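Consider the two complexes below, in which chain A is the common component and chain B and chain C are the respective partners.
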Partner chain A sequence: MPFTAKSGKFNAKINAVEVGTGDKKITIGGENVLPFYTFDDAIANAPKVGIEITDGGLDNEPDCIKKYYEGCTSVVDMAKKAASFEGVDFLSIRLEGGDPNGQNKSTEELIALLKEVAEAVDLPLAVCGCKNVEKDAELLDKASQALEGRNAMIMAAKEDNYKTIGASAGLAYKQIVGAESAVDINLAKQLNVLLTQLGVNGQSVVMNVGTATAGYGFEYVVSTMDRVKAAALSQSDATLQMPIVTPVASEVWAVKESVASEADMPEWGDQEERGIDMEIETAAAVLVSGSNAVILRHPESVKAISKMIKELV
Partner chain B sequence: MALKGLDIFKLSPKKNCKECGSPTCMAFSMKVAQGAVSVDACPYFSEDAKAALNEATAPPMKTIKVGAGDKEMSLGGETVLFRHEKTYVSKTRYAVAICSCMDDAEIDAKLAAIPKVDYERIGERMFVEMIYLNYAPSAGAEKYLEVVKKAAALDRVLVLGCTDVEVAKQALELVKDSKPILNGATPENYAEMSAVATAAGVALGVRGADINEIYDTVAALEKAGNKNLLIDVGVNSIKDAFATAVQLRRAAIKDNDRTCGYPSIVRVGGLAQGDKHLQAALASVFTMKYGSIVVLDQMTYAEALPLYGLRQNIFTDPQKPMKVEPGIYPLNGADENSICVTTVDFALTYFVVSGELERSGVPLNLIINDAGGLSVLTSWAAGKFSAGTISKFFAEHDIEGKLKSRKLVIPGKVAVLKGELEAKLPGWEIIIAPNEAVQLVKFMKDLTA
Partner chain C sequence: MGKFVVIGERIHCISPVIRKAMAERDPAPILKRAKEQLDAGATYLDVNIGPAEADGEDLMKWAVQLLQNEFDNVPLALDTANKKAIEAGISVYNRAKGKPIVNSADAGGRIENIDLAAANDAIVIALCSAEGIPADNDERMGYLTTMLERGLEHGMDPTDLWFDPLFLVVKGMQDKQMEVLEAIKMFTDMGLNSTGGLSNNSNGMPKHIRPIMDAALVAMCMMQGLTSAIVNPCDLRLMETIKSCDVFKNNTLYADSYLEI
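Now for the complex of A and B:
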């Protein structure tokens, strides 16, 4: 008597959100099963992989990543090169230089750069802010305006600045609004509710429910994503059916396992391999937990994760 | 599946003798159903009825014990599909694969590399716990037995990947006392292989061309009385292996199909076919979704650091916070004159704070208080991180004797403690840090500039 499988297909599904325009347009979400449960039903849209560059350009990259951008002299060059790496579905630019506690670059300067990058590549775009809520409100408002017509992901509106960013990205310039909360299903739900009350179409929202590096309180990330997917699919909770986009790069390239030099930690061995595997293993884990897209930094990580997705879908 | 009180009552002696302490057999049965008392409290419950009851109340997934002595470990025994429902019971174990088809130099190099990854993280030893020994018929039985002997010297739990009954028997003769796993039952050889495994007293791994063959073979083995089993999800394709691992676990736990309820073996090295980055991704996937033993082709620090960290996170009790050992942690080459920074022993706080402090490059002594493993605000609210507890901790650990600096940075979220701390720790200058860890780099640099 062979194994009789019971289907785990749900009646509800995750919203399918289109990002970008033209031939390179991608769709994230849309599935009615748990992540990679192809034996329950086909996955509507395979998870997508983005590559991240920053306004800081090459100076801002670890040495082990610089070599992949050999010959690039500007952020725009880097954007073009990044778009050409194997497995890249979309480009993410992080405007971290805007942080008032860091370089404190002006909004005008960053937006001018963003426009140049956007003109140079035809891939779907994600724009990440500098993590300072006041500056992000200003920066991402202007970014939404600058990218009008590109259908870009604006990452992200938080509880403290969702009104400005939601109104600008979601209502005025018809972009995709990223809703960022801190690893808690209730906070994620609340922000989605607030955004829709503001008038933003829930079908144009993606969530960043928060993330961590593997080993750094990652259990909260897993349980938050597991519970969000369970509520969205098995309880048909429309306020949690937004696809999840997880920026992995900015977390994993900050921990010592990834960045400590081999000279400092001889027993740990090659630093580049440590960074790549940290990024790959963290990304694989958030994808299995329910992320519909991940943002990575190292071209080798992008390649491996994109291959893994192809194999599993 | 939990048995109802009425079902238990049907099996009970129905004497209402009160010897168990309950007024009636019905009341007793209700208590047993709730798990409040053991059925053994009744002296008249027949052995047959007890066996039937044990069978019905047994957990949906078997716990398989492998390894001997201090190497003994449990696999499986899970009761939930998601960690937020209840704690996972048995953490994923990692093995490195060696094949008898490799030449001696390669085998020696691989064996020599295994003990290199061995470190401690938040009180847990991280190392390669198992060695998977694959038998290649082309290399012959002699060679395989040599490899088994060599690997046994490393004192890890061995997994004998061998579908040849005769060779398996000889290999077990060498190492059966260490309670290895014999991963070699197929739909063709399962009867003989099971006899070999049972005679040696070891757990048997079952494989098949697809999930149906696996299921039928396990069912046949169970029928023959062998329930000391594991299931190898195979290396047909990544998609297949994932489907098999998830479907079997789900059928066992959700649908109570006990034939599916055995720990799994996932050979991610075989699935990745030499792509080490893909292998790393798969090791992570199967740690998350239902791999009991994950077999890799190599385990260097690059694979290990994220993987063991992930495992440590996933297999924690969701109701019990992870704690780091309280004490003094010198960072960035600090000495006794370096500035002191203090926070709580919640592992997440420690990692975030120590990471940022390391990035600042400022030499400092991070003093971790005993705050019951709670975060800053929670432990403060619970009275476990106050001026009183901090000063008491300083006295108990003789901080003033060990360190010469008298500058103490406290978390911004408990700025309110400043005055009281100055009173309780005379001679110390109390400095308030920012609210968020990300602001620490700039703060520490400015502070010591």
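Now for the complex of A and C:
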């Protein structure tokens, strides 16, 4: 009997979410097949790559990244430069200086900076908070307001602040609401349910289901993403059909394998090469597990991952 | 496995309100019942227009278009003894949310409804009976084989025949209940889908008892592999049980708000 290949495309699909406005607008998600399964059906929209800068500017970058921003004297300069790197689809700014346990910068100061950055670049934007739930509620509410009309991703609403951030980003200012859970599949679903019950349009939600650097409990990340896609596609679960956006950079550039200098760890070799490798490996792995976008930091990682996506889709 | 498919049974011409609405082509009462059932978690809606010998074709077309236009192409089970009415309904049916279900065929006088489903790429509910109630599971499985072969001969996908074991009333046939459950397990072992009028078990019982019996039976049936049932989705206890069993069976991912979605 001849072998007849059966297409693995699903009747359900991941929501296609537009981010940004104008010519540079991107669409995340929309596929009805497993990640990169182009032999089952065309991938509606190739995964997208964002580059991350922070409110801390150059001081906050690892030495190996500083040189790519040579000549930049402000965060705005860096934003313009970051937007020009090869393979960048969107710009992410992480307002980590707002953390009350860190620099504790005021919301006013950070929002003023965010506005300057937004005016300087026409790429789609993602805004990430400082990881403190109370401060993020305030910060991301103001960020949603400041970016009105930019259709930006607000990263992210969590279980403890989704009401404030969902109401602000999703209802009042019509941004894209990021829903963040920490490698907890049931909570990932629950947050989407809660946001839609709040009145947020499910088509304007993206998920950060949590990540880790490759090697750091990463199998839980993979199984979470696998299960999300299985529910979304094979079980047609509308509460999990939101595209996944994974901020890789903030994890990768916090582990010793990426940042320990060659002087400290001579047997690990060149630090820059190692950091880029860690970032590329992690990004590639979350993409094949179902992430529809990744946020990276090193311009070389961005270039490589963007090339990988182009060749696979 | 997919989620348990709830076919809402409340658009039925046996109800005076619905019968009148159908006769007068009055949308409001039909749409109201449809909305209640969909809000309560029904996937399919059964549309029973009765024998409808006089104007069945026109009535079924009207009902299909009415419901699908109002509720984003909600999938429907077309329920009537009038074959031409079923075909007329399918001719205007939109498949975006699922194939139409022909309700129903059996292994006796209504076996040709399998041919009808095959010709129209529809699902068919196949009652494991010919005349009256099957005496035992040997008889049930005999009917099943006849109907399955008929479907396959006409090019149907076996999973498009949803076998109905024939649920029996407890008051009078209590000793036959386990047999029905065993039949479902046999269907499941063959990789087949199943459905049926599950609440028949509690016919004649007091109103407050029926949801309890129906919920207990649906849980036992889902354990045996039942994939669907034709029920009243507005029965909260029953729907909560189905949603909970879907979680245990890993048909749906658990979230704290699972009962609300």
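Heads up, the rule we're going with is that the second predicted complex is superposed on the first by the 309 of 313 C-alpha atoms of A that agree within 3 Å, B and C clash if a C-alpha of one lies under 4 Å from a C-alpha of the other, contacts with A are read in each partner's own complex, and residues count from 1 in each chain.
One rule holds for everything that comes next: a contact is a pair of C-beta atoms (placed from the backbone, for glycine too) under 8 Å apart; a residue touches a chain by one contact, two chains touch by 3 or more.
This is a predicted model, so every value here is computed, not measured.
Engineer: Judging by the criteria at the top, classify the pair chain B and chain C on chain A as clash or fit.
Structural biologist: Fit: chain B and chain C sit side by side once superposed on chain A.
Engineer: Mind working out whether A:D89 is in touch with chain B, chain C, both or neither, as first, second, both or neither?
Structural biologist: In the superposition, A:D89 contacts neither chain B nor chain C.
Engineer: Would you check which partner chain A:E31 touches, where first means chain B only, second means chain C only, and both and neither mean what they say?
Structural biologist: neither
Engineer: Examine A:A5 and indicate which partner it touches, taking first as chain B and second as chain C; both and neither are also allowed.
Structural biologist: A:A5: touches chain B, not chain C.
Engineer: Classify the contacts of A:E138 with the two partner chains as first (chain B alone), second (chain C alone), both, or neither.
Structural biologist: It touches nothing on chain B or chain C.
Engineer: Go through the superposed model and pick first if A:R227 touches only chain B, second if only chain C, both, or neither.
Structural biologist: A:R227: touches chain B and chain C.
Engineer: Which partner chains sit in contact with A:D237 here, chain B, chain C, both or neither? Use first/second/both/neither.
Structural biologist: Only chain C is touched by A:D237; chain B is not.
Engineer: Quick test of understanding: once the structures are aligned on A, what is the angle at the Cα centre of chain A formed with chain B and chain C, as a multiple of 10 degrees?
Structural biologist: 80
Engineer: After the superposition on A, what does A:E251 contact: first (chain B), second (chain C), both or neither?
Structural biologist: In the superposition, A:E251 touches no partner, neither chain B nor chain C.
Engineer: Any idea whether chain B or chain C touches more of chain A?
Structural biologist: Of the two chains, more chain A residues are contacted by B.
Engineer: In the overlaid three-chain picture, which partner chain does A:N186 touch, first (chain B) or second (chain C), both, or neither?
Structural biologist: It touches chain C, and chain B stays clear.
Engineer: Taking the superposition as given, tell me the minimum C-alpha spacing from chain B to chain C, whole angstrom.
Structural biologist: 9
Engineer: Under the contact definition given at the top, report the residues of chain A touching chain B in one complex and chain C in the other.
Structural biologist: Dual-contact residues (chain A): 227.
Engineer: Per the contact definition, I'd like the list of chain A residues that touch chain B in the complex.
Structural biologist: 1-3, 5-6, 8, 36-39, 101, 131, 213-220, 222-223, 226-227, 230, 254-257, 267-270, 273-274, 276-278, 280-285, 287-289, 300-301, 303-305, 307-308, 311-313
Engineer: Which bits of chain C are touching chain A when the two form their complex?
Structural biologist: Against chain A, the touching part of chain C is residues 2-3, 251-257, 260-261.
Engineer: Which positions of chain A touch chain C when the two form their complex?
Structural biologist: 185-187, 189-190, 193-194, 197, 227, 231, 234-237, 239-240
Engineer: Report the residues of chain B in contact with chain A in the complex, numbered from low to high.
Structural biologist: 82-84, 116, 121, 211-212, 214-216, 219, 237-239, 242-243, 246-248, 250-251, 254-255, 260, 275, 277-278, 280-285, 287-289, 300-303, 305-310, 312-314, 316, 318, 347-348, 351-352, 355, 358-359, 438-439, 442
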